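The next part holds the structures, each set out as structure tokens.
Across the two complexes that follow, chain A remains constant while its partner is chain B and subsequently chain C.
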Partner chain A sequence: MLLAISPPILIQIIVWGLIVGCIYVLLASGLNLIFGVMKVVNFAHGEFMILGGYISYSLSIFVGLNPYLSIFVSMIVVGVLGVIIERVCFHQILGTSKLNELILSLGLIYVLQNTMSILWTDYPVLINSPFESRVLDWVIIIGITMLIMTGFYILIRRTKIGRAMRATSQNRVAAMLMGINVEHINMLSFGLGTALAATAGTLLAIITSITPYSGEIPALKAFTIIILGGLGSPLGAVIGGLGYGLIESVAVTVLGGTWRDAVGFIILILVLIIRPMGLFGEKEI
Partner chain B sequence: MLEVDHISASYGNIQILWDISLNVKEGEIVTILGPNGAGKTTLVKTILGLLHPNSGSIKFLDKRIDKLPTYKIVNMGIVLVPEGREIFPKMTVYENLLLGAYGKEAEKNKDQSLEMIFQIFPILKERRKQLAQTLSGGEQQMLAIARGLMSKPKLLIMDEPSLGLAPIIVQKIFRVIREINEKGVTLLLVEQNVHRALEIANRGYLLEAGKMVLSGDWNELLANEYVKKAYLGL
Partner chain C sequence: MTKSPLLELEKVTKSFGGLIAVRNIDFQIDRNEIVGLVGPNGAGKSTLLKIINRFYKQDSGSIRFEGEDISRLNPHEVCKMGISGTTQIAQAFPDMTAIENVAIGVLFGKLGRTSVNEAKKKAAEVLRFVEFSENKMETLVKNLNIAELRRVQLAKALATNPKLLLLDEVTTGLGHIEGEKAIELIRKIRKSGITILMVEHIMKIIMGICDRVIVLNHGEKIAEGTPEEVVNNEAVIRSYLGESSDCLK
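The block that comes next holds the complex of A and B.
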């Protein structure tokens, strides 16, 4: 079927796949970090993402900040909010039971959605790019994603705090025995994870309009991606995110827009049947 | 240095430790002996704050530590080489060692500590870029001990460091224990290998079914009729 697609359309598919893929990479990496360190699935991840989009939107409208710069501001705001929410909510119930964690993060979805609805109403908003050229936007989106992911990589791989995060995710008790304050690490990881989600939200609001409820589907896709990539595998989240974007882009072009959201889940189900540990994950021992 | 005073501890509703007292003085090697399931690991977990006692108190350098979180206890200078290695599998040997030197004091001395460790365990130097999970069991145990040494502990607690190792490596580990003790590190050693442990320890405690049944100097314990019969097969 692909053979029938002309080269310009093929390029369009690939570019669009990469752009959407960038958003998925950012979203899934944050979700993955939170899961890796805290073993908590943050179901409200999509709402943190959209909140990031709204904050950038307001900054660009009311302060006149370039949206590509406001990414970094909204990232910090949402990150700090993430730290506070971890401290006030998750910290209290972590380790009590999986059900409590589930209810808490499901509840957060509605708290955040309603708050955003009050602050920004339910009308869709779009962040207007300051640039005329769509191509320039695409280049910047890919560039910013690379920048943020490189920063994230350096933080996780090359710094002491990143080492402590990885240690906590690999062996929590041993990390405590190294003198690491794992509660502190939880807070930081949740903050960093939600900050990454916020960057995804700003990019999303630049390419398409958002409402307070736009986070639900992307969050589901991010879950798919980290399951596909292998829970806790950082490289898996990157390759999975880009791959997911590309596959979705192909499906939309070839099969039509109605397949956009279904195709990923079909793949997920297939992969889980063939490789239950995910594509890059390792078998639990 | 360490004073455990009449503590009891439980997992949920199941009480494991009953009225345990124990002390370690600066510069000593003290050993905790006892059969499987006696509660030795539970006792060291309680000292490290991984489990909080239901009653009794624990003091380190004259400060109460029984309500502190683990990281604070570690940063005061008590370091545990845990039972079953507990290394960080997906990090390199070098990164594992760096994590040992996470505390501020230890970090300052990390180059010096690394040098010492690579001298004691040259194999770890060779393997320093390898992921810890790819080490052999014995090498992982060496890594766990080395990581403990990186922390510059005042009191080093080792939970069965010789478990599952070849006799020649066990010998080496006991030599290392003696060496680091001579360098001024106080040691609390959990062992099943009663003979070996009493050979290097100043004193020992015998734990059975969660109760302290016997304690004394190494030679007293070695000469004790009950210890001889039950643990030394004499």
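The block that comes next holds the complex of A and C.
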């Protein structure tokens, strides 16, 4: 079927796939960091993303800040909110039943959605790009994603705090034995993870309109991506995110828009049957 | 000036649900001693080590390290004060190399404030000290065998620059020769000025290496003294080793 598509359309599918993929990469990497370090399943991750989009929207409307620059402000605001929510909510129930984490994060979805609905109403909003050309927007989106992911990579691989995050995600007991304050690391990871989500939210609101409820499906997709890529594997989140964007883009063109959300989950089910540890995950011994 | 002991435990009690794991434990450890903690399975030895390095919070009693009360501190805080240790199941960061694993201890332990490069240099020194093979320093820890892993674990603890090292069955899983080497290593660690509190189930090791032995049974301290005193202690023989003490000799 794909062969019947003309080259310009094929390029369009690929480009669109990459753009959406960039958003998934940012969203999934943040989720992966939180899950990797804290082993917490945060279903409200999508709402942090949308909140980031709304903050950038307000900054561009009321302050007149360039939306691409507002990303960095919304990252900080949402990151700080993430730290507070980790302290007040997740920290209190860490190590208790998984069901508590699940219900807490599901509850957070509604608290955040309703708060956003009160602050920004339910009408869809779109961040107007300062540029005339859509192509320029796409290039900037890819560029910003690369910039932020490179920064994230350097932070995780090269810095002292990144080493503490990796150590905590690999073995909490050993990390504590060696003088790492794992509670601080939890807090920082949650803040950084939600900040990455906020970036994804701003980029999303630039390419398509958002409502307070637009985060639910992307969060589920981010879970699919990190399961596909292998839980806790940073490379898996990047390749999984881009791959998911491309597959979705192809599916929408070939099968129609109704299949947009289903196709990824079908792939997830297939991958789990064939390779339960994910594409880049390792078999647990 | 009277010097306080390195570690003092006073009436330390810890229970899990209805089960009392350790009850009213008192003891002191002086600087540069090797003290053995022995007792049958479930006597509370590992629990006691975990209370000292703060993985468990005691229900009552106090713990002082160099005269300072550490009863309310967390594991990373006592690590920075100079208490470090190994656990029964070797704990490591599987997806990091041996040298990276040890460097974490340098970066976050008592030394702190070092650059990553300096930490790696220091980590290599510590790995050499524990006689870890030079050509495996860049190997991912998940690819090491148990004897190598034990050395890495020891190096990780030493890298935090401890004053007191808590060793929980470091020879478990090792063969005879590797076990002998581990004992030599423990002597070498003491020579470098570090005090050691070790849990060990092989009595021969305890007898050969410890200055003092503390015996626990059902969570209570039943004896304390030199290895010879403990071996001949009536209470130890009766309640822990059975009627005959032949197995100690």
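In the analysis below, the second predicted complex is superposed on the first by the 285 of 285 C-alpha atoms of A that agree within 3 Å, B and C clash if a C-alpha of one lies under 4 Å from a C-alpha of the other, contacts with A are read in each partner's own complex, and residues count from 1 in each chain.
FYI, a contact is a pair of C-beta atoms (placed from the backbone, for glycine too) under 8 Å apart; a residue touches a chain by one contact, two chains touch by 3 or more.
Everything numeric in this text was worked out from a predicted model, so none of it was measured.
Novice: Chain B versus chain C on the shared chain A, clash or fit?
Specialist: On the superposed model, which is not a single observed complex, chain B and chain C clash.
Novice: Would you sort A:80 into first (chain B), second (chain C), both or neither based on which partner it touches?
Specialist: Touch status of A:80: no partner.
Novice: Touch test for A:10: chain B only (first), chain C only (second), both, or neither?
Specialist: neither
Novice: Based on the superposed arrangement, let me know which partner A:182 touches: chain B (first), chain C (second), both, or neither?
Specialist: both
Novice: I'd like to know which partner A:118 touches here: chain B for first, chain C for second, both or neither.
Specialist: The answer is neither, since A:118 touches no partner chain.
Novice: Given the touch rule stated above, what does A:166 touch, chain B (first), chain C (second), both, or neither?
Specialist: After superposition on chain A, A:166 lies in contact with both partners, chain B and chain C.
Novice: For A:158 in the superposed arrangement: first (chain B), second (chain C), both or neither?
Specialist: Only chain C; A:158 stays clear of chain B.
Novice: Give one of first, second, both or neither to describe whether A:174 is in contact with chain B, with chain C, with both, or with none.
Specialist: The answer is both, since A:174 touches chain B and chain C.
Novice: Would you please give the residues of chain A that touch chain B in one complex and also touch chain C in the other complex?
Specialist: 160, 163-164, 166-167, 170-171, 173-183
Novice: Once bound in the complex, which stretches of chain C touch chain A?
Specialist: My answer: residues 53, 55, 74-76, 79-80, 84-85, 87, 91-96, 100, 103-105, 107-110, 112, 116, 156-157, 159-160.
Novice: Note which residues of chain B are touching chain A in the complex, please.
Specialist: Touching chain A from chain B are residues 48, 50, 69-71, 74-75, 79-80, 82, 86-91, 95, 98-100, 102-103, 147, 151.
Novice: Considering only the defined contacts, which chain A positions touch chain B in the complex?
Specialist: By the definition above, chain A touches chain B via 160, 163-164, 166-167, 170-171, 173-183.
Novice: For the complex, which residues does chain A have touching chain C?
Specialist: That would be residues 158-160, 163-164, 166-167, 170-171, 173-183 of chain A.
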